[in-house]
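Next come two complexes, and both contain chain A; in the first it sits with chain B, in the second with chain C.
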Partner chain A sequence: MIYGAVISEHYRRPRNQGALESPDAVHEGFNPLCGDRLRMEVKIEGGRIAAARFRGDACMVAIAAASLLTDFVRGLSIAEAAAFPREQLLAALEAPLRPSRLGCATLPLEVLRAALRERL
Partner chain B sequence: MRDVRSDFPLLQDRGLVYLDNAATSQKPRAVLQAMDEFYQRSNANVRRGVHRLAEEATAALEEAREAVRRFLSARSTKEIIFTRGATESINLVAQGWAGRLLSKGDEIAVTEVEHHSNFVPWQRAARATGASLRVVGAEETRFGPRTRVLALSHVSNALGTILPAARMARAARASGAVVLIDAAQSVPHLPVSVAELGCDFLAFSGHKMLGPTGIGVLWARPERLQEMEPLLTGGGMVLEVSDQRATWLEPPAKFEAGTPPIAEAVGLRAAIEYLEKLGMGEVRAHERELIARAFAQLAKVPDVVLYGPEEAGARSGIISFNLRGVHPHDLATFLDARGICVRAGNHCAQPLMRRLGVSGTVRASLHVYSSREDVDALAEAVAAARELR
Partner chain C sequence: MEQVYSQLEALGKSERRVAMATLIGTRGATPKKEGAKMWVGADGQVRGSVTIGGCVDAKVIAEAETVLSAGAARRLSMALGDEDAWEIGLSCGGTVELLVEQLDLEGALVRMYRRIAGEIEQGRAACLVRSLRDPAQSLLLLQGGESEGTLGTPELDRAAREIAFARGASRSETIAGEEAFFELHTPRPHLVLVGAGHISMPLVPLARTLGFRTTVIDARPRFANRERFPEVDEIKVGIASEIIGQIRLVPSTAVVLTVHDYKVEVPVLKAALASSAGYVGMLGNKRRGKAVLEMLREQGLSEEQLARVHVPLGLDIGAQSAAEIALSALGQIIAERGRGRE
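This part shows the complex of A and B:
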């Protein structure tokens, strides 16, 4: 195991992977380091995140981070989700990542923020 | 070839399996000492001083130029321009030559395996002049009368393929094109002669050939240097300056505005002499043996997909591969945890990766100090990485 149990578990059994029917906010972004693409779809109800789903062909770190993040933001207001702290996501991964791989962990957050930007 | 590992302080001190040589090479003590000695004993600015230190520094720069000339079997040191690296060399040609001489209706041909540094400058030159950009195969020899430039790698940085550069250059020049060869991945590993390649321009960097960062070379035919305009102007490259105008010195000075990388040139010369002492034929033979070993070992690992030609004679020591079901960056991180340094990603060759249908690969690349043990450690670790699947 190179990244620890949390990343391994979320990579093997990602939460919220796939697409949403008629999402309210969508964005696709990529990681310039490797060219990985990640797409986030968000359903908004009453100004809150009802559901968030992701898909893309990405590394273990990015998939685990997307899996965790899409769980964390459910129920948050749009502003709260867009401001979700990077440190909290990194801490939740429970793995000491090299600086070169931090971008993989924060890619899902950047994509989510870009998706929500127009809804703020 | 003798075992040269003990000549490289970093390899001794860190005890790593360093297989990222296509990105940059480690430096032998001879290079580090030559640069150190220059700064401690001969440091001064070049060309304009009349004092003894300035003369020593100028001589050191020009001796480095002579070493490059000899290494490339070029005719004259006037054909050797020092730049910051291969990227700057190519940009100089794309802007200073193509940007000045091409126009609408002309075509620039680049191959599909090019590094972004031999791709993006041509996209910009095409946009600036109205010329079109055509991406051709890595063995293309059919060029029409509209093709004014062919830009190709000698060795692909992403796949290790050796391109039939001399044949392609001959074909392109026969139909009236000017040929630039990006030799960043060949000059450090193969015997390279500009006369045999028959190109117009050849670009490479010092740091991939055991020399320092911050210095590169552009070799060019004298007539091309007359046609080309400098990218930078300023001191050291002018003959006469009036209030409104200036005239340029003859090449190479014309293209070397400002203080050149003097200590780096001294280091580059030491690197060239180090490689010459080993003999480039020996260097190539050493790497060929390791390429064959690496291919045979990696091919035995289930789920490994290798890219580029299988035959060691058709490739350099750049071995690009994937492990099915494992992302390249996860594999590279796994290898790093075992002290093996490789590169993963698109290797600055996004158009090529798109053609291969992959987002990236893992790239292990060899150099003079690479050993059988390095190659074996790599194959063993890749086999162990199957646990990530």
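This part shows the complex of A and C:
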């Protein structure tokens, strides 16, 4: 196993994968070279993240990161979710990533931030 | 299936009366298959062919002229090749069965062909069912469920409806004790390329030459664009597995994955294998192919579904360059299509 149990588990059984009915914020982003592409949808209630879901074609690292991130931000305020620490997400993956794969791990966070930007 | 209505429209400009010969049955080796057509005008025009020319077409022209004089439709059975041809091995050796009939260019059958042309234009299939006991009785069945005409009884119409689109080719069948010819009209074959890399680039113009409509899908606009694919019919940039789910994948569709990346291959193959796409192929060697198929197996796909994936892709012609790989892939797609008609 190259990436460890957390990435493997979240890639095989991703949490929060799919679409939301009437999301309040949506953004789709991609890595222009490798082609990882994710769409993040967010439901906001009372200024907080009620639900976040994602879908896309992306590598194991990006899918696992999106799966973890959509769990982490539930219940956070919009500002807290937009400022979710990159290091916390990377640490949660519990695997050393080569520099070339860091962009895969942070793609979901960039997409989420872009989705929330106009709600701030 | 030739675009029948466009032929009739062209003939109608110069001919008053037209006979149409339809290949309704074949046995043994024959150059054309069921559904091939030939038209002979009373004023001399000949269009189409039920063989590849030669003596049988000449006999059909003579029969068509008889039908134009006498009026009644005729069913004919002809062996391909005469005794001399047999002797020196020049004959195809098969037998063809034909329906030769006079067409009323303002009549119901031609109106059905016009409607079929409209359906094809919209990317939908249609099946024209002809009674071989009484060719004046025809039932047009559209893929969307609509119908027009009748074979004579509700029982025959119901039996025809049940099997009309079951096989992806024209053929004669016995339904409710009567012979009928199922003339299947399908849209242009569609090549869906997942991946806008260098292998896909020569595939598009080659596929177009072979009559395919082409679609290129990729997540990366830098790759999927008109500069790289000037001849493609449509480019779709986005989440490939989502886009593939929005495209009608039917037996005339070939899905070819040149993307060479599991993150796209696995979800796209999952979608393609849930459809009735006529061909699914994936670029990659046996080892990669095995690994991707194993991931799909883990996701619950059956062995029957997995067996549909051609990996490595293409006929074994020793292809090295992108253009050669494109040729081998299209050769395999056409070979598979031919097998489906057998």
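Keep this in mind: the second predicted complex is superposed on the first by the 119 of 120 C-alpha atoms of A that agree within 3 Å, B and C clash if a C-alpha of one lies under 4 Å from a C-alpha of the other, contacts with A are read in each partner's own complex, and residues count from 1 in each chain.
We take it that a contact is a pair of C-beta atoms (placed from the backbone, for glycine too) under 8 Å apart; a residue touches a chain by one contact, two chains touch by 3 or more.
Please read all numbers here as calculations on a predicted model, not as lab measurements.
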item: Partner chain(s) touched by A:I2 [first = chain B, second = chain C, both, neither]; value: first
item: Chain A residues touched - chain C or chain B, whichever exceeds; value: C
item: First, second, both or neither for A:P96, with chain B first and chain C second; value: neither
item: Contacts of A:R55 with chain B and chain C, given as first, second, both or neither; value: second
item: Which superposed partner A:G47 touches (first chain B, second chain C, both, neither); value: neither
item: Partner chain(s) touched by A:P85 [first = chain B, second = chain C, both, neither]; value: neither
item: Which of chain B and chain C A:G35 touches, first, second, both or neither; value: both
item: Footprint overlap on chain A, where chain B in one structure and chain C in the other make contact; value: 33-37, 57-60
item: Chain B contact footprint on chain A (complex, rising order); value: 2-3, 33-37, 57-61, 98, 101, 104
item: Residue ranges of chain C touching chain A (in the complex, touch as defined); value: 218-223, 238-242, 259, 261, 263-264, 267-268, 298
item: Residues on chain A engaged by chain C in the complex (per definition of touch); value: 12, 28, 30, 32-39, 55-60, 62-63
item: Chain B - residues contacting chain A, complex; value: 327-330, 333-334, 336-337, 344-346, 350, 353, 359-360, 388
